[in-house]
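See structure below.
In order of appearance the chains are A, B, C and D, and numbering begins at 1 in each one.
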């Protein structure tokens, strides 16, 4: 197996994630896209690890960290979504223009 | 090494199938008109990733992905979708109307990343499915060299937990508060 | 006219005693009053006599100590100095505290302690039942301590500390009745005038100290006595500045203006501080650095002499028109300080300081007498007095003794000291000043006769029924009257008290010879003219005021054109000073404040406002109308371009995210391809 | 005890910060715990700094040798080290800083400004303590800069939150603004403005130091470079100018002083105290520690200008005092004058002058600190700082009035009290400045400075007359005022004692400073220190 086949697959996944991030209006869907991107990163990490074969399996450890942080991120993200939805009756980002002034 | 040579190895067949499945699922995640479907496609994409992990002898991580992502996170997502009353049927309003520049950007990203990987790694080989990294190694690494990041991450999780609860909890209206006090 | 009946003093270092218990521990005298001060502050309120016990106790010990030293110095000469270092910068600049025991300081220790003790005892009676008696004695002790610190100073630094300490005590005690703003203002005036003069003292100290390389008086005197040529310029400048400082404390013209106002304090304060001791600090300083003027800075001596002369003559006249008995005495004090200063400046080390010594007793006596009168009639004004000799015989007799001493009637102490001044002035060639001094003697006798006549003769003009003061006040009067009569005998030309020498010898116990001259025998011409002037003053004064009540009042109202308005307005010097300070300081201060608030702050605020304005311009005009306007215009014109461009300004997260991604890509490209 | 040698300074600096964390855990309502913790922390820092004195080597080490040094790599990429150390110059200031901090906590015990929030206030105070202590011991420019700037934030909040709420008309502003907001923003921006230039100067030094070896922010190393003449010409001029702006704003020197009266007036009592007692010293300390040794030639060419500005500050500050109607503002302006003497001392570049400036700093810290305490307590009771409404305080509160009188006397430089030495020795220094400096300028400065002492006396007497003396105004007749309470007494008595002790025995300060300063002047300016005395 080539290393590149994994990397390119991950690149594709990552790009799709970016696409989703940019075109989706619903926050939940945006979060899904972010997950996609994180998964792509994980594939990279694991692939590199299997080439480098470090004694402490650093790549895998990092992947675990990424997953953990991703879980936390989802938790908080969804909480925020809930809150915004409660206040604005919408989960669409383009209606959230608080940052425009 | 030609494509034919590449196909000569059976693992690559597996990779091809799984990879295409992942790509398709990912594509559907970002294009599906139904929110629930999108979430389910993410399950598929992540499941594919887990298979790749297995192929790369990262057994533990693979099962973590399955358990954490597919088991927990996705459930969370579905809850989120339901609570926010996101339209569960087909909905044309899910996407912004301007898709050109995101598409261009994502293609550019892909081209750039792929080109960079090819330039950098060429034909570097990955060991085919071998001895999976033992959980013992990972455990020692996590509680040895990486114990501080590990603790930090667990704090992050704790903070996320508390923060999620705090943020998502609805403040009672004065009337409700009155009611609660009465009880 | 004047025969050179003088020899140079050569017995400078003739001290038989240079150590021993009394000398080595003399510093206890400097500390005791401070201890009393702190104890009174802490416990005075709870004590029976409001802390007077402590104050008197401290000064009683001091008096014994000082008397022992004084007697030791009489018989064998005492010279000693103890210092300890309080700061050292590098290897050369050393600050020390300590105490000097030599002829001059022993004289001052004796004076301050003994006169102080007598006045303190008197004050117990005088202040009885007054407000804040504990604070009075505390501040009085603070004064005594500071004064001893001053006169015991082995160097300029400690002198400055004591100098300002007595100034502080003076400020506190002048403004003792601070409920009345007039008293507060008098205190402020005293403090400020002194502070102005202190600029001279401090700068003089710096210049001399740095040039000579030490602040130590002994070393300074030695350097001066060696006629170090390189120091002459410095000595002139530094000496002049020191003299300016002394002018403030010793109320020399035109810095005398604070002293009459200082009479706002309780009478014992006026007696001890503003007559006997504190105001003589300037003269003392001149005596302390006398070699500097004698050997190095001779050029400025004529100036100093003339300032003293103006003071002694012009200010004495002011006493003629004052109705407040304390003011009369205050002007008299200024005038006598002029005598002292003239004498020291002319080169009469002994002459000036001997007058300081005798003056302390009789002027304190006069003030205490005046206090006794004021205590009885509850008024400071002589127009409320009269005929008191029948009511207050002891006060009357002692007051007359003081008056005669002050006027310079033989054989009272004032005669001898004034005579020595006249001789010195003559010997040093200041004939004109000598004549002025004789005229001054006439004026002195004249106004003192007026004061006695208006107070004790004629008929009582005030209210109530005055009666003699209690013994605690009259005994101190007697105690001061005796030295006022006798102490002149310490320094009779050509004669000495058998076995103990005379005052000039005691005073000359210093590390270097002072180089002044003493008359060897009485110059009868000069003594006669001085005495004649005094007697004439008394006779004329008596002729004018020594009558009954109506005549007194009428005569006191008489008016010599030009002169009397001038005197009543104190030569307009106070008005001038007030005008200058009020006319310049206030407006200048307000101007500076205006500059601060409007000019400097204006610039600052202007910059701030400008920045803020620029901000709103950038946002409101350039951004909102300019950039956005352009975009809106384009958007309206060409929809595609417009909507593409508008993306960057929507404030929507996703467009920003897109920009971030695009930016990241650009960066990656840059890193990969360019670098 | 090795441990003490290496950890003492770090502890002094960071104990307060640890205290902040501790305070964070205590609930807001538990005030006594909050106060006790703050007191313990500040006391511990103070005790450590006192312990430093006992273990300090006073044997006259040459300049640029530091004791209790810590030198660890910190930001390796820019070669910035965590370098702490004290020498004779910084020791008194460090002790002053920890000492005043303890007193401030004690005073705060029952004096809380509205809106009452002891927790937040104490936390800010402890952060401030870290910044202040740190600045005095930092031996690395980056570290110094960070501590120097850390101080800004707590002070900004102190003024902005607990400051004076009255409205004020500021010329040029359309409507009235709240004094505290105006003052806080002005303070912050002003200081930041100065320190931006200072940072540029530091960076320039860093890059320039690379010419002759490794680039460094290390103050001792830069001092050695500076003494060997590495920084000259236009470069040095610009660097000095940048640092001058940074330090001069903090001192403050005329005409960069206008933030000070506003900040002092608006700040809560403890804020004013810390501002006056310690913060102003950061600037003058910076001059002594950084500007002078690293750029000696520039220091010499700037010295006359500094002296002139200092003297203008003395005269100007004193005159401005005379026009004030607000008690705190008067005291604030008096700081301008007093710091003028400090700067005059520094400008002479002599051992006498620099020693004078250090003792001047300490004395000003004690005296003006006490004055602000008093002003705070008085206005706390009368609810006004307008001097025209006060008066007769002596009658209503004799003890406090007495202390005010004492402090005013100390402030006007009464010999025998601490304030005298700084002024007097500055004048001595300017009579004979460093060889090569213009005698004309400095001797004129000496005379003007001496005249400034007269003006100082004038406004202090004015203050006493307005506040203490006379009959109490109508509105206070028959009112009962609580005289000095025990917390105030506990906070003030040590100050009073120290003012007297230093006044009569300045050796307590000079013992520490003089060797370092003499050596500084000798090595950096190649001066015969004897030139300051014994010349002609």
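Going forward, a contact is a pair of C-beta atoms (placed from the backbone, for glycine too) under 8 Å apart; a residue touches a chain by one contact, two chains touch by 3 or more.
Please read these numbers as outputs of a predicted model, since none were measured by experiment.
S.K.: Looking at A-B and A-C, which one has the bigger number of contacting C-beta pairs?
M.R.: More C-beta contacts join the chains of A-B.
S.K.: If you average all the Cα positions, which chain's own average lands nearest?
M.R.: Checking distances from each chain centre to the full centroid gives D.
S.K.: Please work out the Cα centroid separation of subunit A and subunit B, and write it as a whole number of Å.
M.R.: Distance between chain centres: 6 Å.
S.K.: Report, in whole Å, the distance between the mean C-alpha point of subunit A and the mean C-alpha point of subunit D.
M.R.: 53
S.K.: If you average the CA atoms of subunit A and of subunit C, how many Å lie between those two points?
M.R.: Whole-Å distance between the two chain centres: 86.
S.K.: Just give me the whole-number Å value for how far the CA centre of subunit B lies from that of subunit D.
M.R.: 57
S.K.: Going by the contact rule already set, what residues in subunit A reach two or more other chains?
M.R.: If we look for residues of subunit A contacting two or more partner chains, we find 18, 21-23, 94.
S.K.: Provide the list of subunit C residues touching at least two other chains, using ranges where the numbers run on.
M.R.: In subunit C, 654, 658, 661 touch at least two other chains.
S.K.: State which pairs of chains touch, listing all of them.
M.R.: A-B, A-C, B-C, C-D
S.K.: How about subunit C: which of its residues touch subunit A in the complex?
M.R.: Those in contact with subunit A are residues 650-654, 657-658, 661.
S.K.: For a test of understanding, state which residues of subunit B touch subunit A in their complex under the given definition.
M.R.: Contact set of subunit B toward subunit A: 1, 6, 9, 11-12, 15, 19, 22-23, 26-27, 29-30, 35, 38-39, 42, 45-46, 49, 52-53, 55-58, 60-61, 64-65, 68-69, 72-73, 76-77, 79-81, 83-86, 93-96, 98-99, 101-103, 105-107, 109-110, 113-114, 117-118, 121-128, 133, 137-138, 140-142, 144-146, 149-150, 153, 156-157, 159-161, 163-165, 167-168, 170.
S.K.: In the complex formed with subunit C, which residues of subunit D make contact?
M.R.: So the residues of subunit D in touch with subunit C come to 170-173, 186, 189-190, 255, 258, 261, 316, 319-324, 351-352, 355, 392, 394-395, 409, 414-416, 420-421, 424-425, 427-428, 431-432, 446-447, 450-451, 453-454, 457-458, 461, 465, 468-471, 504-507, 510, 514, 517-518, 529-530, 532-536.
S.K.: Inside the complex, what are the residues of subunit B that reach subunit C?
M.R.: Touching subunit C: residues 96, 98, 101-102, 105, 108-109, 112, 116 of subunit B.
S.K.: What part of subunit C is in contact with subunit D in the complex they form?
M.R.: 85-93, 95, 97, 157, 160-161, 163-165, 168, 171, 175, 178-181, 184-185, 188, 191-192, 195-196, 198-199, 202-203, 206-207, 209-211, 213, 230-231, 234, 585-586, 588-590, 592-593, 596-598, 600-602, 604-606, 608-609
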